[in-house]
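Should a chain be cited, it is by its letter among A, B, C and D, assigned in written order, with residues numbered from 1 in that chain.
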Amino acid sequence: MFESLSPLTIDILQSLLYAVIIFTALMVAALILVYLERKVAGHMQSRFGPMHVGPHGLLQSLADAIKLLTKQPQFPKNADKIVFILAPILITLTVLLAFVAIPFDETTIIADLDVGIIYILALSSLVVVSLVSAAYGSSNKYSFLGAMRSAAQMLSYEVPILFSIAGVLILSESARMTAIVEAQSGLWFIILQPIGFLIYFISAVAETNRTPFDLPEAESELVAGYHTEYSGMQFALFFAAEYANIVLVSAIATVLFLGGGTGPLLPGAVWFLIKTFIFVLLIFSFRWTFPRLRIDQVISFCWKFLVPLALINLSLTAIFKVIF
Amino acid sequence: MKTYTLNIGPQHPSTHGVLRFVAEINGEEIQNLKCDIGFLHRSIEKILENKEYYQGIPYTDRVDYLAPINSNFPLVLAIEKLANIEVPEKAEYIRVITSELNRIASHLLWFGAFNLDLGSFTPFMYGMREREKILSIFEKLTGARMLYNYLRIGGVAKDLYEKFEDDVLRFLTDLDNKLVQYNKLVTKNIIFKARTQGVGKLSKDLALKYGVTGPSLRASGVNYDIRKKIPYSIYSKLEFDVPTYQKGDAYSRFRVRINEINESMKIIRQCLIQIPKKGDFINKPPVVFKVSPGETYIPTEAPRGELGIYLVSDGTEKPYRVKIRSAGFNTLNCLEELAIGQKIADLIATFGSLDIILPEVDR
Amino acid sequence: MNIIKKTINGLVSLIEGLKVTISNGFQKPFTLMYPKKKEELPKISRQCLQMNYKEGESKCVACKICEKSCPQHAIKIETEKINGKEVLKKYTFYPEKCMYCGICTEKCPFDAISWNQNFDMASKTKDQTINYKRNS
Amino acid sequence: MKNLKSQLQNNQNVKILTEEKNEFTLEIENNYIINIANLLLGKNYLSLLTIVAVDLEEKIKLIYRLADIENNRFINLQTFVKNGEHIESLSDLFKSANWLEREVYDLFGVKFLNHPNLTRILNPDDFKGFPLLKNAKKSLKKSKNPNQLTFF
């Protein structure tokens, strides 16, 4: 049946299949993660979390999704409607597109780009655009304040992320994601680059707007930050994008520092998911333990502490590489 | 520089009730702040004028619904002073035990709410969990979980139940362990310190000029506790310290309140030892109850500061005038000055650390 | 050096905090799954006013002390004359007015009213709030 | 303490009503309030804890509770304001007087001269009448547009 197709068509079809599978899987993963986070948070706070819909509340997030889907979209009076509608679509799109270059396995990757990691970084800095446009579109002062905070914060934390990843790139001598994984077949980079890992991880939490860096949506100050005015499916898109983003940064951390989808006995993809899952859980437990920083503290922590540390780390790595 | 106005509240996650700020903001910095209060004004003072003395007590529950027994206290004391009613010793002990338990409950809730303002959700749940245990004890003792209506003219409504002492002691040992955990989770946390140290500095001078009382004043370096300075009930017989800190920032206020929980536990333990096993729990006033004409002011130390009642009686069975002096009113007034030059996040932190609840401010 | 010390101390404090929350995550939750499990309320818990009966007759003698003493006017007593004696005809309790202070039960000299622990008071008609009605 | 007492006794405008260990109750004419408050402020009575107003039908009794918190001394300053009369505001001397006087104005209608912002504080701005007066029922009228409440 497939013999009549040209190799290019097969390639395209294969990529499309992967894309559909991964995108659906991510959306389902977001649902599961929402449930998981609520459950983890519940138990940490000595309560049960969702219990009533389905056994142990398993269907709770599905019910929430259906509720959000059936809601009528609301528009604020002075909203810029086009921007208002486009913003949640844009954020979901950017986050999902980044998954194109994530290697779940040695072979399971939609597009093994030569500049895979750079491509992901480029996309993740686009997130801030959608946040600002969401705030601009909804013409709300709280949204506006949240967006200004997120712009300052995300632009700042791009820098330490870049530097910490540069250390990895020096060691692996390639920006191709599969090559980075291969380079770690001996030693994981978390052992060679512990400071780099720490910097990446902290900055990644800041990039995903999670506590202690959840200033853009700080609920006790700005009500809900940039998505104050959103409801229904548009809000659900923001929500899904946030969780997909968490999976994304955890996946990148797995690829860059924990050897990606490699491990004994089990297939690679399973190892990959386990490692990612640990990071996700860690980010969740941060949220339920720490208070929130103030905006000036967040920015000065980035520029006065993380960036110099990342620079030192980078230069040490470079010297190390040249000598040995 | 162009400023803009941000309306915070009355419906806002961290206004502790219904409060409205109108903040003039430059970037994130507050240039000017106005508090709009009165959304919870129920005119309790006027209601009390129209109720007989014993009927007024449940309304004082609602002045500060997080510490109802502490708000019952001054009214009951004022009526007893004017009507010359002796209170049995056992009743005095029960009053002190319950009001200190209530203080712990109130501080625990504040501990949670303050952390919620700073963005961490878990301490809120922990504080609520511990408070729930106190509420269960109160439910067994008084028959209600929040608005007890427990103090009476001349004593208390019901005698202690049989296993009260065991319940309270078990709770106190449990809380001792939990406070160690809270120390690890919150007090020593570097982010918490960064958010509270040096924030909302209330100098001693300013605090005195605004008539701030209670833990917020003691955090600014003034050792003023009405339980020590103008002892009422049996507080003069009890040994306890008054925690005082010098810096006057949000962190000091936090430390003062956490230490106060410890002091209250000390007081309760002493009372449980000293309380007479037998004796009346109420000295019942006559059915047709009249108070001789006169006026008096009774200050008491509620969890939020000086809660005073100015009672004017004209000799009938209803009070002529009751003025409730609430601590929150003065404390909130000083926020307007404290907030200037702060960031929005700090405004929330300062407001949270002052421990203001709005029903007490609006009455 | 100072910075390194500070950083390590800060990290340790954060990890200590994480330990507390995670260890709490493995303990038994404090929540009671409400509709399935119900805590038994103590006997003095004030939830709904009830009329006490003795041999099928209400203990209430219609002295109206509770009606007068109620600060919120949540009790209404209607009487009628039978054989020249004031007898209780209808005793109405308005739960929406009541603030559950318990003064009425405390003031009642005949132990005719008391509190029960039925906090689930929703009913379809207002008639069901009437505690006692003499059929005549 | 004794120094203050003799000074108060020599002052013709002041009448000492009661005297306890650490608490005086003084009665003064309402036009001397600024003077006496100034005098007491100089004696380290820094805090104005509360202002109690009592409606005595034809006049209103005001009780200012001043405190020297550090030395645990209190003074109740008592004065009368007849209906329609004004009294000098203490908001320059005590910062807490700002809101406390607004509250008295809101509930009793006592007008304070030279107050920076004498508006209603607990009741909405378009509220008519003064609710804590004894004859409040007569003076309380429904506002014309009950659904349109304006703040500030």
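Here, a contact is a pair of C-beta atoms (placed from the backbone, for glycine too) under 8 Å apart; a residue touches a chain by one contact, two chains touch by 3 or more.
These numbers were taken from a predicted model, which means no experiment stands behind them.
With chains reduced to the mean position of their C-alpha atoms, the one farthest from chain B is A. Each chain gets a centre from the mean of its Cα atoms; for chain A and chain D, those two points are 60 Å apart. Spacing of chain C relative to chain D, judged by their CA centroids, is 41 angstrom. Mean C-alpha position of chain B lies 25 Å from that of chain D. Averaging C-alpha coordinates per chain places the centre of chain A 44 Å away from that of chain B.
Looking at chain A, one finds that residues 44-47, 288-290 touch two or more other chains. Under the contact definition stated at the top, the residues of chain B that touch 2 or more other chains are 122, 126, 129, 185, 189, 191.
Counting partners per residue, chain C has 14, 17, 20-21, 24, 30 as the residues that reach two or more other chains.
Per the contact rule defined earlier, chains pair up in contact as A-B, A-C, B-C, B-D. Residue ranges of chain C in contact with chain A, taken from their complex: 7, 14, 17-18, 20-22, 24-31, 33. Chain contact summary for the complex, chain A toward chain C: residues 40, 42-48, 51, 285-286, 288-290, 305.
Residues of chain B that touch chain C in their complex: 51-52, 54-59, 61, 122, 126, 129, 132, 139-140, 142-144, 147, 149, 157-158, 181, 184-186, 188-191. Chain B contributes residues 4, 6, 12-14, 28, 115-122, 125-126, 129, 185, 189, 191-192, 194-195, 343-346, 348 to its touches with chain A in the complex. Residues 41, 44-47, 141-142, 145, 149, 211-212, 214-215, 218-223, 288-297 of chain A touch chain B in their complex.
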